[in-house]
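Note that chain A is present in both complexes that follow, paired respectively with chain B and with chain C.
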Partner chain A sequence: MIPYFSREDVGPILHYLGKIIQGIGALMFIPFFIGVLNGEWEPSMDFVLVSLFSIALGSVLLFIFREEKDLNWRQGMSVVTLCWIVVMLLGALPLYLSGHYLSYLDASFEAMSALATTGLVLVNDVDHMSYACNFWRHFMCFIGGQGIILVALTLFVRGGSAFKVYVGEAREERIMPNIIQTARFIWLVSLTYLVIGTAILFAINFWRGVSAGRALFHAICLFMAGWDTAGFAPQSQNVLYYHSYLIDLATAMFFLLGAVNFGVHYAVWTGKPRELLKNYELKLYMASILITFFIVCIGFKAPLPFPNFISFFRESFYQLISAHTGVGYSNIDTHNFSYWPPLAILGLIIAMGLGGSSTSTSGGIKILRIGILLKSIKKEVKIFTSPGATVVVERFHHIREITIEDNHIKMAAIITLLYIALYLAGGMIGAFYGYPFLPALFESVSASANVGLSMGITSPFMPAGLKLTYIIQMWMGRLEFFSIFVFFSFLLSLKSSE
Partner chain B sequence: MKKTGFILIIAALFSGIAGAAKNIESLKDITPVRALFEEPSLYDGQRLTVQGEVIGDIMRDGETFWINIKDGDFFIGVVIDGFQKDMIRYLGRYGVRGDIVKVSGTYHLHCPLHYGERDIHAEQLEIVENGYKMPETVQRDRVILILLLGIFTIFILPYTQRKHIQKDTDGLQK
Partner chain C sequence: MEKLIKYIKILDRWVIGVILELIYPLITFSAAAFLCFFLYLFIKR
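Let's turn to the complex of A and B:
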């Protein structure tokens, strides 16, 4: 018998939610200290206020729902779904108080965009934003990219509950036997690269004459949003602000690394570099980048609107890998897309839709699922062309040897179809609001696949309904649907039991 | 034949003077940065003047420097020399309104010298309005709210740290 949700589920869900809210409140002390260090008193007070409010709210929940039970699957999925909404609402508060957003909806949009590592922005005049608030935007990218739940796992979720909330956040693979160890390994990799990446980006900025403090701020922000494939930048012009091919190269290197499966990182870190050559997902990823870049190239028919090939390559290839990894960093202005031919735009849309590796910081369908579907097609063709009694088996290497089973194919097909439906739905809603279909589809795929490139539709002045649509798309795209479906079944069962 | 040649030379001289005058006129007129994005090919390779706030940082690039200027919601990268760099005192940031500068120079949609960047190579830079620091205002009601929330949190927090563990006996997981 399928167990239904009952009111008894509410307690454990709100108990863990309370803990996560307390945790987010505690994390807000980091931007508070940054504000104090820079003498930014007004923003610092905003962070103390929201931090205390969050800790108090979390404490009230923990006070009312005191019993700490192990979560079951449906409760775990509901905690994940709810916590992303609550963290968005709380994370938006200091942004809204900063006065850089037209409405609380805009601040919430920006918070969800950061947490889901999308990178679409509605901020006004970010160039005059405080260090504290600007850091918080990028820090939310880091928290969301790593996974809010992953943060919680390393801090206070224990026992049988851990794996259920980990899976709910669209991560399935146990890189190490224990899920807490897996969470800690992901942190170890990310923090190691944080130090290396920040050092490299700091060196480039400092060498170019930027003051040490500012160079460090730019470096940390760029790394956090790049590694976690979010694509936020501390200035309005995004990566274009730096006018530096070295920054282009360094950011590209780190967001490409961020889009690689953490399992591959683990293999390389534990002395198995051959995994890089053998890994099916990684090989397919490289092939996919080349194919989509080929589409972009044939889209730009001669004569190219660029003075030389390097200019063309810098503009087109950077946007392409930014789209494919889901980072959304851009070294051009959104107006540049006005001379991009439709076929080149389509190449970017396909790249965004496919996304990066599974168990990475990327969004989108994910290359592994595409690989499983391709293998299943090959398997079906083999079955048709083989003698009747032949048993056809398809395998691939992904960390270990994997034999394709019907369950793999079913899950890959369902999630791929759901993503395609989400992409098209957002595109149609954009068209309903009066935008041309191709830019509307571009923006929809960018939001759903958590990319963040924009053709100019996303702005503080777009309709509120479209802002809400993109928030939902970013949320669903980041959590990969199922925990959200489970949560809604929870709500419906509660209503029906009344 | 001689007469025709003379007329042609005079006409060429006049058109040259008119062209130069027009160019000087166009340098006096300020082109909104918005126009450089909305009709880029119209201005590509042209000498023009833009005006805006210098924001962020000054970044070295070999012998020259990059600044970014903000005109409304539009931004353009400008390449300046060391002398022009020294004229800039305030850069727009939190709590600082940057210098408002007027830059005359050549606009490139895809600059061949800078790997295809959209930029302006400045010939002249003038400070139109000096930047300044903006004071912060601390709101008293926010301080009171922080104190109240702080007291409430200190009061309730110890109660949430007590453990009430009850293992799950529910059916689904195994």
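Let's turn to the complex of A and C:
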């Protein structure tokens, strides 16, 4: 018998949602303090108001649904799905109040883009935005990239509910036996790199003559959005603003590491450095970067639109690796893509679609799933070419030795197909609104795989329907579909039980 | 004292871990630079 949702499920879902809303309200005090430190009174008041409103809303939910029960799978998935929408709506409020957005829809788009670590922007005149608000944009990238649920797990979700909400946020691997310890380890890695990355980026900016305070602000923002593969930058020109080889190199190194599986970080940090050489996903990732880069390069024909080799490598490889890791940082102007040939654009689309490693901060199909599908093809070919009674076994090394089973292949194939369907659906909707198909597909893949590169379609003046489409794509792409499907089955079963 | 030595050992592993991890992007970038250089010569020809 298929278990249906009932009204009894609503209580536990809204109880945990209340806790998460309170948590987000508390986090808004960080941009408030940044605003106060910089003498930005109006934005600071916005953050206080929204923070108090969030805490009050969360408290009301906790008061009404006060009983704390362990969540079952359906409830856990519903909490995850709902909390991403609610946090987007609350996170958008201070952005909208800043006056840098044409509408609340635009602010919500930007909030979802930050939380889902996409990096597509609709902000107007970000160069003159307050420090508090600009920090909040980047801080949302850090919260979303780590995972809203991961933040909650570290703070207040306990017991049997922990694993159910952790899986709902598109992370199926337990790095450590205990899920709370796993959440804490992910924070430990990220905070360690936050210190290292911020120090390096600060040193580069300071050495180039930027004042200490401003250099620190830019370093923290760049690192948070880079490590969590979000791609926001404090200036409207993104990374191009810095015109610096060193910034390009440092950001590229950190976002490539951010797109590496946290399990690999754990293995290397606990005295198993050989994991770097043995890990199947990591080897495949490097191969995939080189293959897609090859496609991008051969897309160009003489005469090249670059003055020399250094410029060719710097521009083409930075966009490629930014696309493949899902970060969306760009060291060229958006309009420069109009000089890129269609094959090079296709190379970027493939890279964006494939994405980074599983259990990392990046989006897209994920390299491990592609690896499983490749192994399954190899297995099928072996079965066809072997004598009848031969048992064919395919293995790969990913933290431990894994034998490929049918359920691995099934899950990898389903998620891959769903991503491809999402990419194509967004491309067709873009084409429906009158944009050429290749840029529309580029933008759709960029939104769904949470990348953030743009060929110019994403702007405050694009149709509202397309903004809504990209919000849904970012949301679905970040949560990898299943928790959203479970939530909609919840809504439908509630309706049918009336 | 034993605890201190234990913590130093853990810290030591982390530092080595971070340094080793930084090598991965550098190898990837170098391989891509070589590939790009040969393709650049090929395309220019």
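To be clear about the criterion, the second predicted complex is superposed on the first by the 498 of 498 C-alpha atoms of A that agree within 3 Å, B and C clash if a C-alpha of one lies under 4 Å from a C-alpha of the other, contacts with A are read in each partner's own complex, and residues count from 1 in each chain.
Heads up, the rule we're going with is that a residue touches a chain if its C-beta (ideal position, glycine included) is under 8 Å from a C-beta of that chain, and two chains touch if they have at least 3 such contacts.
None of the values given here were measured: they were computed from a predicted structure.
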First, second, both or neither for A:L52, with chain B first and chain C second: first
Partner chain(s) touched by A:M253 [first = chain B, second = chain C, both, neither]: second
First, second, both or neither for A:H397, with chain B first and chain C second: neither
Touching partner for A:F312 - first (chain B), second (chain C), both, neither: both
Broader residue contact with chain A after superposition on the shared chain, chain B or chain C: B
Touching partner for A:K278 - first (chain B), second (chain C), both, neither: neither
Touched partner set for A:K379, first chain B, second chain C, both or neither: neither
Which of chain B and chain C A:F300 touches, first, second, both or neither: second
Shared contact residues on chain A - chain B and chain C: 312
Chain C - residues contacting chain A, complex: 13-14, 16-18, 20-29, 31-33, 35-37, 39-40, 43-45
Complex contact set, residues of chain A against chain B: 3, 12, 18, 22, 38, 40-42, 45-46, 48-49, 52-53, 55-56, 58-60, 62-63, 66-74, 127-131, 160, 164, 205, 207-211, 214, 218, 235-237, 240-245, 305-308, 310-312, 314-315, 332-333, 335-336, 339
Chain C-facing residues of chain A, complex: 192-193, 196, 249, 252-253, 256-257, 260, 265, 268-271, 273, 276, 282, 286, 289-290, 293-294, 297-298, 300-302, 304, 309, 312-313, 316-317, 321
In the complex, chain B residues that touch chain A: 37-38, 40, 55-61, 65-66, 68, 70, 75, 77, 92-96, 110-112, 114-119, 136-139, 142-143, 145-146, 149-150, 152-153, 156-157, 159-160, 162-168, 170-173
